[in-house]
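Below is one structure, written out as structure tokens; the observations come after it.
Chain IDs A, B, C and D follow the sequence of writing; residue 1 opens each chain.
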Amino acid sequence: MGRLIVAPSTVHPMSNSSASPSGEAGRGARIGLRSVSKRFGATQALDDIDVDIDAGTIHALVGENGAGKSTLGKVVGGIHHADSGQLLLDGQPVGRWDAPSALDHRIATIQQELSLVPAMSVERNVFLGMEPSRAGALVGGMRERYEALDAAVGFGLDPRTPVRDLRLADQQKVEILRAIARDARLVVMDEPTSSLTQDEADRLHEIMARLRAEGRTIIYVSHFLDEVLRWADRVTIMRDGRVVRTADTAEETKDSLVEGMLGQPVELSFPPRISPAPEAPVVLEVEGLSGGIVEDVDLTIRSGEVVGLAGLVGSGRTEIARLLFGADPATSGVVRVDGTAVDLHGPWSAIDAGLVMLPEDRRGQGLVMTQNVRENITLPRLRHFARRGRVRRSDERKATRSAIERLDITPARVNGELQHYSGGNQQKALFAKWTLRPPRVLILDEPTRGVDVGAKRRIYEALLEEASNGAAVLLISSELEEVVELSTRVHLVVDGRITGEVDPTTTDADEILKQLFGTTPVAPDPHTGPTLPTKASSA
Amino acid sequence: STDPLENDTGAEDVGTADTVAGDATDAAEETGDDTAADTDADSASDDGIAIAFFASSSQNGYNQATYEGIQEAAEAAGGVTTEIFDGEFSADVQFNQIEDVIASGRFDGFVVVPNDTVGIASAVEEAIASDIGVATALFPIGPDLGTIEPQVEGIITAAAPVEPQSAELAEGVVDYCADIDPCRVIILIGQLQFPFDNVRYEAMTSVLAEHDNIELVATGEGNYDRDQSLTVMQDLIQANPEFEVLLSNADQHVAGALIALDEAGFDIPSMYIAGGGATETAIEGIRAGRWDATATSFPASEGRLAAENLIASLRGEEFDQVINMNEAGAIPSAVITAETLEEHPDFEAEWDG
Amino acid sequence: MTTSDPTLAIGSGGLSLERIGRWLRQYGVLVLLVALFVALSIGSDAFLSSRNLLNILNQNTPLAIIAMAGTLVIIAGGFDLSTGAMFGVASVTAAWVAVNIDPVLGLAIAPLVGLALGTVNGLVITGLKVHSFLATIASSLVYGGLAILITGGFLISVPDEAFAALGRGRVGPINVAVIVLVIAMAVFTYILNGTTVGRYVYAVGGNEEAASLSGIRVGRIKVMTFALSGLASGVAGAIAVSRIASGQPQAGAGLELEAVAAVILGGTSIYGGEGAVWRSVAGVMLLALIQNGFNILNANPFYKDLTTGLVIVLAVALSAGRKGK
Amino acid sequence: MTTSDPTLAIGSGGLSLERIGRWLRQYGVLVLLVALFVALSIGSDAFLSSRNLLNILNQNTPLAIIAMAGTLVIIAGGFDLSTGAMFGVASVTAAWVAVNIDPVLGLAIAPLVGLALGTVNGLVITGLKVHSFLATIASSLVYGGLAILITGGFLISVPDEAFAALGRGRVGPINVAVIVLVIAMAVFTYILNGTTVGRYVYAVGGNEEAASLSGIRVGRIKVMTFALSGLASGVAGAIAVSRIASGQPQAGAGLELEAVAAVILGGTSIYGGEGAVWRSVAGVMLLALIQNGFNILNANPFYKDLTTGLVIVLAVALSAGRKGK
């Protein structure tokens, strides 16, 4: 972290004369919510909320999926209007309050669901709305400003790449850069690390600490409770749209947070790993699979086995999964399910063969936001709910209802409008979609992104249940701990190749990381050095 | 603007459309009330006659002049009200309109300027079957564009036969070209995908083809639009910097093309320039010696004659079934030239385009 | 933040303004349709005759059929601006076959011609990965050219009685075309809302990538929507050509935009993923009632366009913000 | 990294097939334009004359100006189907004012009329939150109605010499309209690529929500694009009406779709967020060359539509998959 030179406390590295209209630079904003309520149809998302967020603090929001954290953040950021109540900025009631006016008051938001302009380059996205200009005419200097910003933050993204060509994690970095570039007095960060690796998350945390040192305020929403306890000053626990309590993090423990969030203590450890019967047959067999950056992958998973893929960022885990699933064209290789070769021309034949994949980007690749919960959940298996092409809705409803129960999706409505669900509940629906009927091979790419601790446990249990019912499971997660704790075997992935196998019962996350680094020939990125794909292990 | 009938003008003597349409509307309303409920239109004719005019487009100078003529006839006959319907240059719209109006039972007679001369026939048959008298103006109704004899039983037709008129226009070219060899001709036709334009084009070209000294160097589509004709002419001049004759079926084409010819420095009076429609612009041009001919077209007279005969037929009086506009108009000939204008010094164009 | 916004302050339990607003936004086009219907019934005795009402349906059958199929295209995220041209080709082919071979064969072949042309559209669009907006403008030019070549620019008239049966025939008082309309509506509604394929159409338009990763053959679904649109244009062409007993290449000109406008007027999302067949029929009928009203009442045609425009704006204002955009 | 993939195996410095492909997809419309240009130069002596080339530019100035402004509308995620009608209103107003008040005032007022109508479009679209596709179809009907009311449906002839200066005048050999074209191209390019407003146009079309969250007043940007589109239609109307010395309400009919087609043909994304002014000019010129070619080669106009359609398909095939869709 040596390159994170902390800037002089009053001068933000990015501030220039046009970005700091007043002399407030460096002074954080103080926000108060008084009896704030917000209702969406039948859902009371915020119910009479009172919170004070002090200047120069990192203030965490924790709570179950759907507790109202994002809604609270959006009210502060001017993205939602509260139905009633009052918002105080530095003790004064605010007037007109929408996103542009919040920004005028230098309150910036990193939303949970990324919101970038896909065709625009990284730097243009970062400086959107604050381009160097004179009387409306663009002037040069954006590259220099970007480089200064990047030097301070150290994400090492190429400023010219259109953001649609970036991986999800890199897009999240662009969002972060954008908020920082705004020289904001208060930044709402809604699960900013959900796609990041531990290394990148740590980098962000350092930046947060530095912003706080400059007197700025941060509202930090996260499901990583260890991180919350480590980095935040205060924490507000929310449940069902209400504040349970606000306290100093020093007074809280992981268990106390969980109990506050869920209303009851919950088992935090991983469910016990299952091991397949010794005579269990091979379900998935991959031989010489190549395509894109993936080269010559061999893989075997037996019935009841959970196999994890561990790799550094960009090592090609996602690409392996997509090739297996027929989502990307393979140049060579064979995939067999229960001994029968799968046609790799498209996901349809993979699904027909009982091979399914939960993709990593739920909004981009996973869900159809214009369709409701039922329609999303049954989509890949719709034919099973149809006779001669005619969909039988009652069967659909029945299956959906039980999926909602199993994963505790809220609101628990079969025909709920998914686009309005909280991030974590969408993720649960995505999981439900791919496990609605028992698959033969279940590929999971970041299955717990954005879900709360209780729901994570439920997903782990569901995953293991699929395995114990005889499925072969392939697990990819940037939370290395998940991979280690749930898998029966872990493959190491480096540069699109499987370079080794470790036994997770005898090898811990740190050891796996060491091995991965040991086999990494070159640092993938000159700016960041090798990046670690794990969370929570080092925190 | 791709419709053949889309003549982009109005005649200056027609008065403003607002009052024209307004008067008609008011008048029709008075009688409309007591006939509306009456499904048997025939019974309305004792106390008054209501005529619906189905314009190919009400926002078009040619049709407005026709309507002017219809109103004139209505006034002269007394006890006749008129109303205009806008066909929007669409065959479909017009067809539906006629059906709707038959269903409304408010009218005793129709005058139609058809958008689709064939397709409209079944709607017209339906009208006649409902005891509504029908007259067509400008074009005959029925599959054969070549004749103005009724192809739907009972229909009154006030039109100029399409083919002979175009042939006669081309004969003017032949005369002009008699001593010129080669005599190069450019034709600007409306749109070859319209059946009537095809008939016109074939008539013109077959006349020209009989003469070895005449050379058809280019054909353009003017689309009944001045601006498009200007564009096409500018282009054609590039490939054919010298030619003697501009032959067209529509004065609008000529009006646009002349801008291009002027720009390019052609000596227009020495050329042979022929259009169609007998518009004010064309008549002025012929009088000024810049144009040579225009195919006759008397929209107001056409409307008046169609309506007069329709009213007569509805009243059981004597009437003409077929009115040949090449004989019945103010100038009884298919083509107007400087000579015909000398014979009819007081002639005023009935519209402009 | 403000508490002064009245629409937000009202509780959502009872019959709140907000709920009425939502209902209006959802069914605005129907409300307007009913309102116009009532107004016309009051304004003119002639309007509420069964003859007039059947006329309206009959006249608008070709447009409605095209719009219904177009609904599927638009829900799947596409656009078909070649329906008018396909209608034209189908019409002239029908007329040509009727004159040269057999009238009934002519009518039967028109839908097939449409189906073939629509399938070509779909294959070009998915094969070349081009947006259908431009692709179908191009194909509409090509098809239009084809229609002209078939006819040589002349009109083909079909004097045969049998040929007129589809367009002019009646079963009792009901026009054959109206029966076709009702059947088409049932079929398209069933396809869209009762079958797996219909569900896939929504999914493809809602999120193509997610649909593909869910095992849907996106290309096939798209080709199918364009093929259906062609088929519908062919059926519409057959009805129209039979009604006027003549085929001409220009026949369908302008229909394509009218159909798209009706679909969107009905409330189907231009972005794809959302919509319904009944909406498009309502859109067609809304436009039809305005037309019919002007024909039935003594309204000055000078104000027709203006009125139509304002009614569309009204419809659109009623359902304002339904999709948040 | 694998070496088995031929496209990747070749060093990124060299001239790989993949790079040529990418370049073609990016500049396909230019390639086709040049190809057509060369073909016409070979095919006809008349083509490569400065007069003919100036003619082409001159003739297409109105369409090109509308398409350039339309580029901004489409990049911002909108659609303007009322440009033809605004062109019509501006034309007849110009002619009316020229005849009744002053010819020069007439020409001067046309752009302002367009600006006003365009602004109304923008305000309706953002105010009612309706999609511009439908809203501008509606407003085009209303504006069309307006134009008819202004003229009473008649043609307004303006015999004045001064009135013709804009449309027919020349500076040396160069038509005044061509000069206007060049200026418009410079201005629109500058707005789009040299100003913050232009940047926001891309952002609004690329992701409205992201733009709004970046503090961009999305509504204002949209209104501005529609206002500019109106202004451009007004300028185009002034040029055209001056050229033919007469105004008529139907004048601009069909222009709106031609302009949209040219923009998309040029390669500007129909989904918004991407595009360029030069692309639209290239699109206009591609269509113009086909027209010009048919005229100067004396080709049978029967094949014009067919050819135009095939050229568009070709253009589209060349840039296939440029946006992945």
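The rule is short, and it goes like this: contacts are C-beta pairs under 8 Å (C-beta built on N, C-alpha and C of every residue); 3 or more make two chains touch, one makes a residue touch a chain.
Chain labels with UniProt names: A = Ribose ABC transport system, ATP-binding protein RbsA; C, D = Autoinducer 2 import system permease protein LsrD.
For clarity, every value in this text was computed on a predicted model and none was experimentally measured.
Colleague: Taking mean CA positions as centres, which chain lies farthest from chain C?
Modeller: Following the centroid criterion, the farthest chain would be A.
Colleague: Where the CA atoms of chain C average out and where those of chain D average out, how many Å apart are those spots?
Modeller: Spacing between the chain centres: roughly 28 Å.
Colleague: Chain B to chain C: how many Å between their CA centres?
Modeller: 34
Colleague: So the centre of each chain is just the mean of its C-alpha atoms; given that, what is the distance between chain B and chain D in Å?
Modeller: 35
Colleague: What whole-number Å value describes the gap between the mean CA coordinates of chain A and chain B?
Modeller: Those two chain centres are 71 Å apart.
Colleague: For chain C, write out the residues touching at least two other chains, lowest number first.
Modeller: Within chain C, residues 148, 153, 302, 304 contact more than one other chain.
Colleague: Counting only residues that touch at least two other chains, what does the list for chain B look like?
Modeller: 2, 17-18, 58-59, 192
Colleague: Find every residue in chain A that makes contact with two or more other chains and list them.
Modeller: Answer for chain A, listing residues that touch two or more other chains: there are none.
Colleague: Would you mind giving me the full set of chain pairs in touch?
Modeller: Pairs satisfying the touch definition: A-C, A-D, B-C, B-D, C-D.
Colleague: So in the complex, which bits of chain D are touching chain C?
Modeller: 124, 128-131, 133-135, 137-146, 148-149, 153, 208, 257, 261, 264-265, 270, 302-310, 312-313, 316-317, 319-321, 324-325
Colleague: Could you pull out which chain D residues touch chain A in their complex?
Modeller: Spelled out, the residues of chain D in touch with chain A are 1-2, 4-5, 194-200, 202-203, 206-207, 209-217, 269, 273-274.
Colleague: Could you list, by residue number, the parts of chain A that touch chain D in their complex?
Modeller: Residues in contact with chain D: 77, 79, 99-100, 103-104, 109, 111, 115-120, 124-125, 128-131, 133, 136-138, 178, 290, 292-295, 331-332, 495-496.
Colleague: For the complex, give me every residue of chain B touching chain C.
Modeller: 2, 17-18, 21-22, 25, 28-29, 32, 36-37, 39, 58-59, 83-86, 90-93, 95-97, 99-101, 103-106, 116, 118-122, 143, 192-195, 197-198
Colleague: Within their complex, state which residues of chain D touch chain B.
Modeller: My answer: residues 44, 46-47, 49, 51-52, 55, 58-59, 148-149, 151-155, 157, 168, 240, 243-246, 248-251, 253-254, 291-292, 295-298, 301-302.
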